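Alright, structures below, take your time with them.
There are two complexes below, and they share subunit A, which is joined by subunit B in the first and by subunit C in the second.
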Partner chain A sequence: MEKELKVIGKSHRKLDGKERVSGKAVYGHDIELPNMLHGSILRTAHPCAEIISIDTSKAEALEGVECVITADDDVYDVNNISYKRDHPILKKGTVNCNRDEIAAVAARTKEIADKALQLIEVEYNVKKGIYDPVEALKNEAPQINEFGKGKEQFGNKNMAESFHYEHGNLEEQKAKSKVIVKRTYELPRVTHACMATSNITAEFSPFDGRLTLWSSTQVPFLYQRDIAHALKMEPSKIRIIQPIIGGGFGSKLDMHPFEPICVLLAKKSGKPVQILFSREEEFVLSPTRQPMVIDLTTGCDENGKFTFREVEIIKDNGAYTSWGATTPFVMMQSYSSLYQVPACKFDSHAVYTNNPFAGSFRGYGNPQATFSIETNIDLMAEELGMDQSEIRLINANYKGEVTGQGLHFKTCGAIPALEKVIDESDFEKANAEPKGDRYKKGIGLGSMLHVGGGAKIYRSDGCGTVLKLDDYGYLTIITGSNEIGQGSETVLAMIAMEELGIAEEKIKVINTDTDVKPWDVGVHASRTSFVAGNSLLGAIKLMKEKLNKKAVALLDVVTDDWEYADGKMTFNEFEIKIDKVAREMHFGTPHELCTVNYFYEPPSKFQDKDFKGDVSGNYAFASQAIEVEVDTVTGNVEVLNVHVSQDVGRVLNPIGLQGQMEGGLATGIGYALTEEMIYENGELKNPSFHGYKLLTATDMPPVHFYPIETYDEAGPYGSKGAGEAPLIPTAAAIANAVSNALGVTFYSLPITAEKVLRALKEQKEKNKEVLV
Partner chain B sequence: MMQITFKINGESITQEVKPALLLIDLIRDHLKLKGTKPGCLEGECGACSVIVDGEAINSCMYLAINVNGKEVITIEGLGDHENPLDNVQEKMVEHGGVQCGFCTPGMVMTTKAYSDKCKKKGITPTREEVKKSLEGNLCRCTGYAKIIDAAEAVYEN
Partner chain C sequence: MDFEVINTTTSDELLKAIAANQNSNFRIGAGFTDLINQLKKQNTEELTIINIAQLKDEAYTQIVEEADGLRIGTLATASDIVDNNFIRENYPVLHQAASKLACTQIRNVATLGGNICNVSPSGDMTASLIALKATCHIVDCNGGERAELLSDFIIGLKKTTLKKNEIIKNITIPMNDHHNIISGYEKVGSRKSMEIAIVSLGYHIQMNNDGTITDAGVSCGAVAPTIPFATSACDFLLGKDIQDLTEADKEEFANKVMEYASPISDVRASEWYRKEVLFNLSQTIFS
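Presenting the complex of A and B:
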């Protein structure tokens, strides 16, 4: 049994909640520097064209305009950006998608900057773009991205990235299969829709060439390196300050062109410059989740045991290659290792098109993969005449399992999570119940596997911590990790309260400034509480060693067994206030401060060239059972209840964890039912909250959350990463529920009312044919 | 330019404004009250909600000249020296209704106006009614559940 804890495991309100709820929290939009200019960016009028000429003279002449830049400007001494370095910051010669930046203006006011954009004259030779990846792969298609290395690397000029993975003997397993199901799935483009639009403020010092950026990046140290590369600077001359960030969800993993553009404007004008996106720009310009077509073939034997998975994926990469092209790292884990899979073959191709480029989004490819896997499982169960819950239970992952890909599940809550949602939702009964007349009820299951202890995809997946206990017993935690709303800073304060017995009002978390804080890879892969938590625990251990030693000397007692509580250190009848120990350390010989620093690197390993290896410190498992009601007259799908059970290792802050569940589910339900960016010939048709439907307060169903605690020794107090998981199996469970209600399977998202009505009509016509 | 006189957060102000100036720009750019958030500037997200004569409105869809003779309350106008947070704000923090927080001032102002009205009428709304009152405010972090919990808890005691 785990030791009794006083703080961890009990709900704790958000550390800076009062600043955020009172309007005092300063976001990027709220920053105003003296003498600051406002920047605006001119984007192409056509998604695919040659640029014949750009004339900025009228814009430059407008009163209030300080400078205009294009790719021909002297200040434009830059490198290409993006994961594949195939993305010019400002475009000249050709434009390849609707986002393409051609020129930028800095002016005294935003209104003047926007007016100046209208005065820039660009002559285009409009070309017919390629908006379908299958078309782009054809021989006769022109090369879309001139910097693409597809021909040399993958044998096709428009291939941006390609992954191949396999384990087991596919042919042998196929031969063993009683049932084989092959289906094609189509996943839409969706967007993060952060409530705060993208923003940046840049100040460039002419004295020493140092740059300060107020940026909403979620990976400040990688971003510092990216900005440095883009602008040919030394990374250490770039200071990244993160104001309060109004939502991330993966959208701020890549550095985007507007960020170095803002720096160039600041450099040229010699004044600070700020760029704020409008909501329309946010829809058009922020990266999306990858749209893709998935061909999935799966099999099982006569007992329902899974035999193999074979999958081929075509992803629409868009015109440039962001981190989004690497989502197959995560997708292949789900295909290879979600449930027991004896053999797996995985191929994924990201193909250049003239569509906007996709990026990373909470779940990182996993919602798409899981949707296809879980739908195929229901279809196999149906063909075999087996219960949908039973087929999942007999194939579920288990403790001690080392999967074909080399993931090692040292703890595993997959079976308990499945059993819990099956039980709580009364799944078997609900599944078999009559479906109703106009309003048909249904229930569906979905499970997921995701990294829970970071993911080693960069050379280090670590996090640094500096701790400072001052003369008055106040603790400052300087952590490399960042807070983007997920509540990780609250968890860090809770850990310090637990371990050092220091009250919350005496704890501060400093996490916003790369000049001050030690290195961390950033917010992604559900890693922050895990990695930053372990880093803090390591630092606390060092601090306790110092404090213990000093207390022993001060009280003349021999022990290492001090208890830290209520601002005091206690051993039997010996007791001393922690601030007194810190003071004695400072003012007594040999005079030292009570500060420590520690760097934690997770035990995870790089995968080998075949993508095999134990890539995360631990793994999270979850299942969802979702009940829906479909109105067969309107086609509307209402989610009635969500049962979600997740292996979180150990609950650290129940209220924060529940908030991650509910928030993730809301995004997952949107993905399943309402959200879709409608693109036609490279242009977005619905760039507003009116046309792009987020869930509102009235759409949110009751969420019944059952955490599973498996106490994984790699995580702080046994915990695992939790943030991305709640939206991963949601669309799958909802699609299975709708299928259960109607007897029709859906192979694309979102399942809109129109799709439901069309499917019902087709079903009716088919039935008629059968009768005839 | 037009001269308008209005009360904001208890203080009387007379100001020259352009007829086309939006209330959100008056609040954020002229008065430097940055707690009111610009989420969409097209009346869809509710992040910029403020209270004008007791009604929560989207300040991005409201001309500044229309506050002439009226009383405006922004997020900065809630709470006082003794109790720096209003009950609605306290409940929002206590119930975990705040994650990134960008929608929060709008959620708070909407809830404040709605709960004040309900209290005046002596009614306690149902959970469905509370949800309905928040329908014009979008949030991408929380899934609304904790915000609704907080808005319901305002009627306790």
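Presenting the complex of A and C:
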């Protein structure tokens, strides 16, 4: 039995909830500094062109304009950015995608800055551009990114990144297979659609060379390093302050050109400068989910046991390389280790084109991989005449399993999660039911595997914590981790309440300033509550040692067994207020403050050169059974019910977890049915919520959530990371449900009403042919 | 955005403001749900906004049952229309159109007159009023008045017969001849709220007690530069017994509706999809 807890496991409202709903929260857009200027960036008029000339003289002459910069400016002493260092901050000579920044203006008002942009004259020699990665791989294609190292590294000048992975004996497993299914899947570009648009405010001091940035980054310490590299600065001279962030979802994991540009404007003008994206800029400029074409071949034997997976992926890398190119780190996990897979071969190639680049996005390649895997599973089951639930259950991951990739599932809720959604949705009955006339009902299953205890992608995946208990019994938690809306700072406060018996109103969480807080790698990989929670627990242990020792001295009793509750420390009949202990420490000899610091590094391992190794502290598993109804008159798919069961290790904050589920599902349903960035020849055709169909609250179906608690000893109180998982199997389950409803399988997302109607029309015509 | 605002609270003030601005660039705003978006995209330095959101004149604001029909003030909001029981019972097409418009927050401020004067081919309330054969009652700044059938008032993409010195005061809808009606508004889109119709179909069909169709109004949204009233489809129905409509009749009706559809392909849907859906929907309204 797990220990009975007082705070953990009981719903707790978000610490910043009142500020957010009342409009008191201070976002980056609310920052105003004395003499602050407003920046705007001129972007290319053509996605692929040579720049013949740039004339900024008229813009510079406009009243209210303080400075204009281009790549020829003296202040432009910079390095290329992105992890491949293939991305110039300001472009000269050539432009390669619709986002390309050519010049920037700082002016007294945003309106003046925008007006100045219109006065900058750029002469282009427009080129055709390459928007299809397959075209870009051809010999005759020109080299798209002049900094690309594809020729030397991968044998093709337009190859940006490539991954190869394998385990098991593929040929042997193919020979064993009774059924082999080979399909091609196409995944679209979608965007995070953060409610707060990207923003940055930069203040540079010419006196000591220090830079302060108010930034919406979700990885402040990596960002500090990236800004430093871009601008040839010392990282420690850069202070990152994070105002409240209105949505991250992975979009703020990389640094983008507008951020160093803002600093350059501040340097040149000698005044603070702020750049705020409009909604249209947010659509055009923020990184997208990685689009890709997946060729997946899978097999199973006559009993339905999986035999192998063979995957070949072509990714449209866009003109520069951002984190989208590295999504195979996660995709390899899914292909190699979601369900038991005796043999797997995986190849992924990211190819430069004149499209925009993709970044990281909640799920990090996993929704794409899972969509292909789960669709192939349904097809194999159909061919074998096996139930869709049974084929999943007999292949599901299990406790103690070490997968071909070396992931070690010390706890595993895969089978309980599957069984739960199958049972709660009455899957077998719903699956077999008649589908209806105009409105056809269907049900589909999808499962997923994701890291649950961080992911050792950087040299450290750790998090530091400093704790301070003041003379009045108030606890300050200074954590390296960030809050971007996911509710982790609330979880940290709950942990402190649980362990130290301090009331919520006496707890402060400080997490927004790199000059103050200790290091942390940032918000990604569903890691924050896991890593920051463990770090806090480590710090609390140290603080308790101090408090215990002092209480022993004060009360003249020998014990280490103090109970912390209601602001007091108690042992048998001995009792003392925690603030009194802190005061006695401070004012009594030997005079010390009740502060501690602790750094937690998870036990996970760096993967080897073959991408094998136990990369996470633990692993999350989830299954979803989704019921849909398809309107055959309009083609619209309505999601009626979502049954989601997820191995979260242990529930920390039920209401926060439910919020993660619902938010994730909203993104997953949009990915499945409506969201798509429509690009034609490198230009985005729907940069607004009018044309880009982000779903709203009214589109949300009832969400039936069944957490599975497996009490993994690596996580705080046995918990696992939960943030990304809820959207990962959603598109897969919906696609399988639509297929169940209509008898047609869809191989591309989103499954729009138009695709459905076309498929129904084709189906009708085929049936006619059969009758004839 | 930087522009002059003239606030008006009486019709007298309103007409004076219109008169005073005949030589300048002005827009009239009430709910501002479309106007603000439009102003973001244009230079507003020389622009005056005549704000009628606080106008108190009942002729502009009230929904009134009259002997020969219903009068709805130009400033009635979509929510006023959704909440009106007489409309819900007698003109389901309008009730449904108003309730499918945007979202609650927008419905609370978006006005009928604004929806009409925005002249969007996908205007929900406008499409339903065209099916209802509504009439616009227009005043000018000199006190002159005129009335015009809504389907005549709209003359092209973003074009109406409204002159610079005029404003719509209210609209009227003829009283139903019979209680026996088939009336509704089908709106096709991919979201349940905050959606602009990809295709819409408004229909208001009246039958006598025998089931004979005595009057019909059908309009289709987002499939042409204006919202057409499908005259030939309506004429086809007149005199037919609703119970005797065969599948072939329904198909012929749908084909006649299609005569009015000349949709375009855009990022939201293709021409093919719009036609397919309109045809499908037209067949379903009798079942």
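Please note the rule applied: the second predicted complex is superposed on the first by the 772 of 772 C-alpha atoms of A that agree within 3 Å, B and C clash if a C-alpha of one lies under 4 Å from a C-alpha of the other, contacts with A are read in each partner's own complex, and residues count from 1 in each chain.
The rule is short, and it goes like this: a residue touches a chain if its C-beta (ideal position, glycine included) is under 8 Å from a C-beta of that chain, and two chains touch if they have at least 3 such contacts.
This one's a predicted model, so the numbers in the text were calculated from it and none came from an experiment.
A.B. asks: Going by the contact rule set out at the top, does A:486 touch subunit B (first), subunit C (second), both, or neither?
C.D. replies: In the superposition, A:486 contacts subunit B only.
A.B. asks: Examine A:674 and indicate which partner it touches, taking first as subunit B and second as subunit C; both and neither are also allowed.
C.D. replies: In the superposition, A:674 contacts subunit C only.
A.B. asks: Of the partners subunit B and subunit C, which touch A:635 in the superposed model: first, second, both, neither?
C.D. replies: In the superposition, A:635 contacts subunit C only.
A.B. asks: In this superposed model, does subunit C or subunit B come into contact with more residues of subunit A?
C.D. replies: B
A.B. asks: Taking the superposition as given, does A:696 touch the first partner, subunit B, the second, subunit C, both, or neither?
C.D. replies: A:696 contacts both subunit B and subunit C.
A.B. asks: Take the contacts of subunit A with subunit B and those with subunit C, and give the residues found in both.
C.D. replies: Shared contact residues on subunit A (touching subunit B in one complex, subunit C in the other): 689-690, 695-698.
A.B. asks: Quick one: in the complex, what on subunit A touches subunit B?
C.D. replies: It comes out as residues 11, 13-14, 17-18, 20-27, 29-30, 192-197, 244-249, 278-279, 484-487, 655-656, 658-659, 661-667, 688-690, 694-698, 700, 703.
A.B. asks: Residues of subunit B touching subunit A in their complex?
C.D. replies: Touching subunit A from subunit B are residues 33-42, 44-45, 47, 74-76, 78-79, 84-85, 89, 92-96, 98-105, 108, 128, 131-132, 134-148.
A.B. asks: Please give the residue numbers of subunit C that touch subunit A in the complex, ascending.
C.D. replies: 2, 103, 188, 190-194, 196, 267-270, 272-273, 276-277, 280-281, 284
A.B. asks: So in the complex, the part of subunit A that touches subunit C is made up of which residues?
C.D. replies: Going through subunit A, the ones touching subunit C are 111, 438, 633-636, 673-674, 678, 685-686, 689-691, 693, 695-699, 752-754, 757-758, 761.
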